[in-house]
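In the two complexes below, chain A is the common chain; its partner is chain B in one and chain C in the other.
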Partner chain A sequence: MIKYLLFFLPFIVVAAFIVMAARDRQRNRDAATIGFFRRNGPVLSTYFMVAVGFWTILIIVLPQLYMVEYSFRHNLTAAEVGGPKDVYTLANYHFLLFGRPSDNTAMNWLHIAVFFRTIIVSALVTIFDFCFCYPLAYFMAQVAKGGGARLLILCLIVPFWVNELLRAFAFKILFATSGLIDTLLMSTGLISDPIDFLKHDIGLYAGLSYAYMLSMIFPLYNAIESLDRNQIEAARDLGAPWWHIHLFVVMPFAKPGIASGCTLVFMLCAGALAAPQILGGPSSLWFTQLVYGWFFAAFDWPRGSAYAFALLLSCIIFVLAMLRLFKVSLTEIAR
Partner chain B sequence: MSSPTLLRFTIGGYMLLFFLYLFGPLLIMSITAFNTPDYPQAAPWEGFTLHWFGVLFADENMMRGLGNSVAIGIGVVCLSVPIGLAGAIVMTQIYSRARGLYYVVVISPVLTPGIILGISTIVFWDRFASTIGAGYNSVFYNGFVLTVIGQASFISAYSMLIILARLQRFDKAQEEAALDLGASFTQVFRHVLIPFLRPALFSAAVLAFLSSFENYNTTTFTILAKTTLTTVLSGRIRVGMTPALSSLAVCIIVITLAGAVVYEILKRREDARAAERARTARMAEQQGMLAVGEPVSQAV
Partner chain C sequence: MSADVELDHVTIRFGDFVAVKSATLKIENGEFFSFLGPSGCGKTTILRTISGFLDPSEGTVRIGGQDMRGVGPNKRPTALIFQNLALFPLMTVEQNIVYGLRVRGASREVQRERADQLLSLIALSGQGRKKVAELSGGQKQRVAIARALAVEPQVLLLDEPLSALDLKLRQHMRNELRAIQKRVGITFIYITHDQGEALTMSDRIAVMNEGVIEQVGDGKAIYDDPATAFVASFVGENNPFHGHVVATDGEFAVIETVMGRLRGLNRRGARTGDAAVIFVRPESFRVGSGQADATIESAVLNVAFEGNLSHVFLKGPTKKEIVLTVGRSDGSLPGQGDTTRIGFDPRAARILPQGKLASD
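Moving on to the complex of A and B:
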């Protein structure tokens, strides 16, 4: 029942808006406003409505709604569908928090730990990327002008068209036991025994920070570039030290860019699958790997959906927190 | 500004570190593609070889995956660019009270982790198929179709943002002039708006293809029984390390560099042409003003 209700929900919302628009237009009649259908003609109107309707309803909204709906169901065989077991349940979320009833621990510590590790490491990677990229973004936007800046941008873009998987592979070569860094450290005598960087997840952290640097640097660059250089000069003339200028002039101005970069990096990092699969140590997991496991190792799609929804929820909370913290709107973030 | 030399030194050191981090791993990986040992290693150097490129091109699964990736990329371009165009135009015309909600909905795929887009796509179409009673060999379980649809969710949003950025610079006067001269809105769309948007449509198509080609997170869920370059690659890397994979990276880097150079040349030529046009227009304007302002001297 809810299944069918969900299906028609987006259509009802769209219809409601169309009716409201028509009524609004009727109420304040003026020659300047023309209805959507009259303005674009039958062919274009149909194209716009079909394309946007297909995209928003069938590609974006309904799949998300159904993923959530599915996460409240049991994993049933085809024969059991429609039977007495085909009911809504909280079992999948219960499992995420408490594990199997037969387990002797009160909570599902293994999965909860993976979840918090994913969130905390993603936040740390975001902070690191911001600190590491901010100086270069500032340099590109305010110091290097014209041709130099364009060359720098090109230098930045090229490595990022190399596949995410191959970038992780490069880090695996670099950090492997008796790999280059290991050999280098041993030959300089800094360490005596080889270090397993991958086992300690150092390779993973380096790879994650590397993978999403570009998503940090471009929003920052765009925001700082539009800052009038005279403002910096004025602050300097008034005797502000350099860190004062950055903290109280550049950063407040670049707030939308900072929020945008941090949101993107956090989201990409928490949702990363390739880097953890390739660079993750044998004993440590990323939350996305748990989701992947439910889908393709355990074939329990409802439980996988529940885990995916938990991840989505934490990302939404993070985005809202960033919007609140930086006092910017979503329009400014997604550019 | 205590000591300019110290400052310059710090900036130089930072830049060096940054670009070492940026290019170092890729450089090392590229070197391993040409070294003879069958485990990817950059040092010690044991001899130059092109053997690993041969191994790569002889890898049938990889080549089939490449073909599939290209086909999916083309499919995504064909779906995402028209959707992005419609999405951008609807954004400018939509009923103002619905605009906020519409914006959140169409932007959400950009801010959603890729694996969730993939999962929601397969779950939804699986449920849809089971509701209408379609079997496992129907279109709803086809890895190609699902991947194109799953990737289109966020790539259409990229396209829309690119097109919207150009649309906002569209001079309404052009449209009004065409309407005054008796054109219909449909004609304005075809003969004024589309030519104006052509560069943005082109950028959107290129970006859509590249994003689709290198996507892994969404694809790995939606592809089901089929393969793409990225899914084959991920399997290979997890199974074992071979320099053949490094040679694939070298190929991609070379193609990207070539693309970047071509883009830069085209951009310079475009800039030069725009500057030329602006100068011609300015000169024509000045001559026109001269002609109006000094009719006597012109007559002489």
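Moving on to the complex of A and C:
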């Protein structure tokens, strides 16, 4: 029953859109404003509604809803489907927190640790990316003149033509034991024995930081670029040292850009798979790797869905809490 | 505290372009001094040099006798009011005003006290908690002044701060600015391309063109005794007649133009044979006959009645018409299409060496 409902949801939404448009049209018949249909014509209007409806519903919401539904089911064999065992359950979420009843610890510490490690490292990567990108973005937006800024942007974008997987492997070569960096450090005599960067997860942190740098730099750049240069000069003229100008004039102004950059990097980082898979140390796991494992190693889709949802929900709550803390509203980010 | 500002052979270059050529002048302590010139004449560049955002390529800027080379804008005893005001949009009026004090680490009480004091100075008492966006244009203007005054600068620099306001408010703010300057008693350096602003507010004016200071003097001197053809044509309406000096006679000289021989005061030492321009202001002409060497005959193209006075446009030697202003009590107006004679007192005409005019 629920499945049929979910399947027909997109069509219901599109129909709702059409009804709304029709009502809008009726209400504005005598008013000076033109209704949605008349403004865009019947062809375009239908296209907009169907496209947006399909995109949001069919591509995004619907599969997610399926997954949510999945996460509350048992992992059943084909024969068992529809049988007495086919009931909704919290077992998958329970497993994430408490593990198997037969385990000798009360909590599923292994997975909980991986979960918090993912969140904390993602937050640290976000902070690092912000610290690294803010000066660059400020330089491109306010200091560099025309050509210089464009060249810098090009230098930032071009490396991202290389796909994520290839980039991760390149980092592996860079950070491997006796890899490029080790060789370099040893040849200059700074260290005598090679350092295993990958084992200490330095390769992973570097890879993640680099992978999502652009998602930080461009929102920052856009926000800072719209700041009137005179305001910076006015602050300077009033005696402000450079750090005061950044902290109290530039950053408050760029706050929406900072928020959207940080949100993007944090979300992408927490949901990354390629970089942790390739660059992660042998003893450290990323939460997405657990999800991947449930789906494709254990073939337990319900449990994988539950894990994925736990991550998504936690990330959303974390981000919303951060936005609240820094007094940024969602509408500001969309600007 | 107030300080004088001295420019000593200040030259400012941007690559090959010379924005300011060897400017030398001294702005006195407590003076309201204006730089007047068309856009691109280098006046803003001079202001930015005084405030410390630019260093002169050559020469020295001294404020209160101190060489300012290498002293950043945050360390100079100047405060700048920007053309677009550059108020901080995310801060309240009060936060804007005390920003400079906050930077200097002043206590909350000091900040509050100074804010109240300045808010009453700009007649915005009790409105400190408002957002900048809630203010009108004139109020924003006054907040910008208060913000600059909060740090107790010795010199206040103003970069065309009235240009964004509408005409009525602009005229009101002229008086306001002058009154504030009188009250705080510090040196004001004002940049404008509007001669009305410069003439009404300033103690002295420097007229600039293409990076060169053409003349420094009070409003009356600049209007009545322009030093160059540019100043004569830029400040106030003026009718130029180009020609050659054919005779000099004490303070006077006679110049041969296409409109005939014209006689005027020769205060800038033009000699016989020199290319020169004679300037006659519209209000100096009289309709009817004049004395020899001080009369022009031409066709009336248009008469514009403006109530207390009328403008009469005559066919001139170039495309530009000759303009004369006739007051209500000055008798009858010529009709359109007539050919009329207009005369002037040679004492009211000025002969200046040939040079670039403002409208060229």
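Convention: the second predicted complex is superposed on the first by the 282 of 335 C-alpha atoms of A that agree within 3 Å, B and C clash if a C-alpha of one lies under 4 Å from a C-alpha of the other, contacts with A are read in each partner's own complex, and residues count from 1 in each chain.
One rule holds in what follows: a contact is a pair of C-beta atoms (placed from the backbone, for glycine too) under 8 Å apart; a residue touches a chain by one contact, two chains touch by 3 or more.
Only a predicted model underlies this, so the values are computations on that prediction, with no experimental measurement involved.
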Partner chain(s) touched by A:G239 [first = chain B, second = chain C, both, neither]: second
Touching partner for A:A306 - first (chain B), second (chain C), both, neither: neither
Chain A residues touched - chain C or chain B, whichever exceeds: B
Chain B versus chain C as contact partner of A:Q231, first or second or both or neither: second
Chain B versus chain C as contact partner of A:F253, first or second or both or neither: second
Contacts of A:A223 with chain B and chain C, given as first, second, both or neither: neither
First (chain B), second (chain C), both or neither touched by A:C262: neither
Shared contact residues on chain A - chain B and chain C: none
Touch list for chain A against partner chain B, complex: 3, 13, 17-18, 20-21, 24, 36, 39-41, 43-44, 47-48, 51-52, 54-56, 59-64, 66-67, 70, 81, 132, 135-136, 139, 150, 154-159, 161-174, 176, 179-180, 183, 210, 213, 242, 263-264, 267-268, 270-274, 277-278, 288, 291-292, 295, 301, 304-305, 308, 311-312, 315, 319, 330-331, 333-335
Chain A - residues contacting chain C, complex: 228, 230-231, 233-241, 244, 249, 252-253
Contact set on chain B toward chain A in their complex: 1, 11, 14-15, 18-19, 21-26, 28-29, 32, 40-43, 82-83, 85-87, 89-90, 93, 95, 97-98, 101-117, 119-121, 123-127, 130-131, 149, 152-153, 156, 161, 184-186, 189, 210, 214, 216-217, 220-221, 230, 233-234, 237-238, 241, 245-246, 248-249, 252-253, 256-257, 259-260, 264
For the chain C and chain A complex, residues of the former touching the latter: 51-53, 72-75, 78-80, 82-84, 86-90, 99-100, 103-104, 147-148, 151
